[in-house]
């Protein structure tokens, strides 16, 4: 039998989640001597290091916080951002549809606040790589901080460059464009992408979908798929089970294709 | 600059996809001397080994097939099965919501035809592990073949055992139950799961959701989320953009929770 | 050719709609000598009487309001209420599914604020009748005012009575229950309803649907249908066509059946 | 108390529904001496005349059929058609959004197989009128038969004419276009419609919606609304309540506006 003690003792450098009695959530990277200020008192990082996930941690006011290992969906929703959000429902399907897995090299533009970059870096594992282009330095800095916080920055190559002059990469495994006008860069995508490799983009309006469909056709892409994903939450009450009153109606149309020929 | 030649030369043992002129798709593992029989002639594996993804491969009748690297969504849809399917839209969200990533140990029951097992094995990478329980030997054999075909069987520990007697594992990172009565095994899940670890299940009826909500409450789980994901495809025609006429209305309700305290 | 002058000259007693330059909407019943106070000045009813729909009407401050004939959906959304709303998307299907038309006698409980009563009274025409039960006097008064405002009160028979003692009516054409526990009154419904007549109810939770399905089965109803209607609005912008960001996720499950045998 | 005997005794000329033991449905207009041929024997109309809704009627082979009064949704689904269907979910909302009620004059193009015409004729009551334009004589004949079958033909004015030369009507209460290019006839609509009157159309593609939005803007329409309605049915089984596996994903985008100024 495996020794469980090594498996979940929290260490300095770990990225952890703390949840208050009122379900307020904090994400933090543990540093020896560090402190977390909350509305219900201060938590010393040193009191957390050496504990196990699932344990209660007391603030100096005696309030108990639960120590959890963060999951990807929580991290994505917690991403500091000043751009349009990409939702876990879309990200999950993007990962599967593009087949992003261990060791892959993913090419992305633009970086934005790095939510999608985070998911890509998570999915490619320690032997993979994400190269992400952005033209706004302040966005790139924000994304870099978001990735560093999670310890994923080593998997990411941040490029501050307009993709009008093309990508520096060749033979990448997959390419995803999260920009308003992907239809203007499809030949650049084809040059960078492995032959037959999967391409994707997300677009808020039908007019943009129309334009990218035309451009994909003209640029030699095949196996085009357009879809949208709707997610509805339910109130988790056993004797009054029902959907929530309101929901997100639209995040974007997902378009996928493969670069052939 | 990296040497691109190593990146995409197809080799013996690779799992590849071939697409016919009429978009019929074949998945196969390349073996020296192997042959693929199609309605449009025979393709020799030896003619494929050494080629690049995106290339055309000719059958002995001269019909051209396109050589692609399979992506996860295609593999999942191609899984040989004699059970209820789990769709990529659901699997993608499950991976993200459970935070399954590199090196994790995932516990699953039941194995079924192995579609979800495949996604878990894909997501944990070569250093991760999936332990999956099943009580029907023939289902386990089918799943084993499905995983072996993709070269993912080394990451999976297949267990032929009823989970009524509990799981053999302790401190697993996440647990997912794809069985009709997850509400009967929540204490077994808690014993096997890392404290605070994420748990999930998928259920077709509202009655089952009602029962699992009660059981989660009584078994000390928290942070319960219930949701459903709807996916709508569009006809990818630029000047007549519209959803397809019909769609899948329901696959299942997803229920997630964390084992606390 | 018909004389158009009779068709749209607004008269005293008419129920009309006025729309401000900023799209604020007023509904009012015209009375000789009456006045409408708005944030942009006073409009005299006498200035409206004799005008045509589509005309501009000036307030005493010179602000122009557009005179419109109200449509049913606007009236329903404007219903003064202190209860759960029923949405036009649901009401429209209820009318069609129950086949409510000219001359019918519709039986309803409870009255609530009268939104559904309004739609039924509208649909049965001047030769039809709606009988509606309510146990809260203040709700009945509110509903009565809402109906009177639209000039539809003559078609409605308001009954202040608990339906536990049954309905006074026999052989009504259709029956609709908008109460939390319709499953408790199905034998009363059968006694009041024309043989084979259509019955409907709206319920927010799956638990209630489960209970009413059992009760319908035990009470001799057939042709049971359960459905839900989702409505998504789009931003009406030609070059950036897309759904709104958020939508109503759930109003209620609609259940229909017919009383047979 | 009212005399129930007058209320539901079926008479010659009535339009009725008969349901077989296997739920096969027949709609028919009763004629003295008439006969209905079914797979389970012949039913004499004279055996039906004089009976009550909800009664059982025996075929000459002794099989029992249930006699029902048809509701609008059943009639619409039974409409003989060779064109695209309009669904009850859409029709219900159209009636409410356009505010079609007793005594109104509704203008429609094209007639098609008359499903929407049927709903309009139903909603305007005996004192109302529907004028419907069509350019294909065979479609008009089909629609005329469909309406006549229901006894609603007296409320409908069928016009065999291209609307490129405009409508003959003025000051109609509402106008609905069920044609592929409503954007080409908006000035004709404005000429025919009561000032401020409501206009609607249904369009399958986003490209058409884009075009009609531009045209509405240029033609002086206001209060534009674009929406779509999705309907999901549930299996009506109390202990396994769940949506059906598949559903209609798309019927059309509904566009509404009012003719102002």
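Which chain is which? They are A, B, C and D, in the order written, and residues in each are numbered from 1.
In this text, contacts are C-beta pairs under 8 Å (C-beta built on N, C-alpha and C of every residue); 3 or more make two chains touch, one makes a residue touch a chain.
What you are looking at is a predicted structure, and each value in this text was computed from that prediction instead of being measured.
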item: Duplicate of the A-B contact set - from A-D, A-C or C-D, the pair where over half of the pairs recur; value: C-D
item: Chain pair with more C-beta contacts, B-C versus B-D; value: B-D
item: Intercentroid distance (Cα basis), chain C paired with chain B, Å; value: 49
item: Computed distance of Cα centres, chain D from chain C, in Å; value: 20
item: Between chain D and chain B, distance of the C-alpha-averaged centres to the nearest whole Å; value: 46
item: Multi-chain contact residues (two or more partners), chain C; value: 206-207, 209-210, 232-233, 239, 241
item: Chain C-touching residues of chain A, taken from the complex the two chains share; value: 204-207, 232-233, 239-250
item: Chain A-touching residues of chain B, taken from the complex the two chains share; value: 1-2, 4, 7-8, 19, 23, 52-55, 66-76, 88-89, 91-102, 119, 122-123, 125-126, 170-171, 173, 194-198, 206, 209-211, 213-214, 217, 223-239, 241, 253, 255, 258-261
item: For the chain C and chain B complex, residues of the former touching the latter; value: 206-207, 209-210
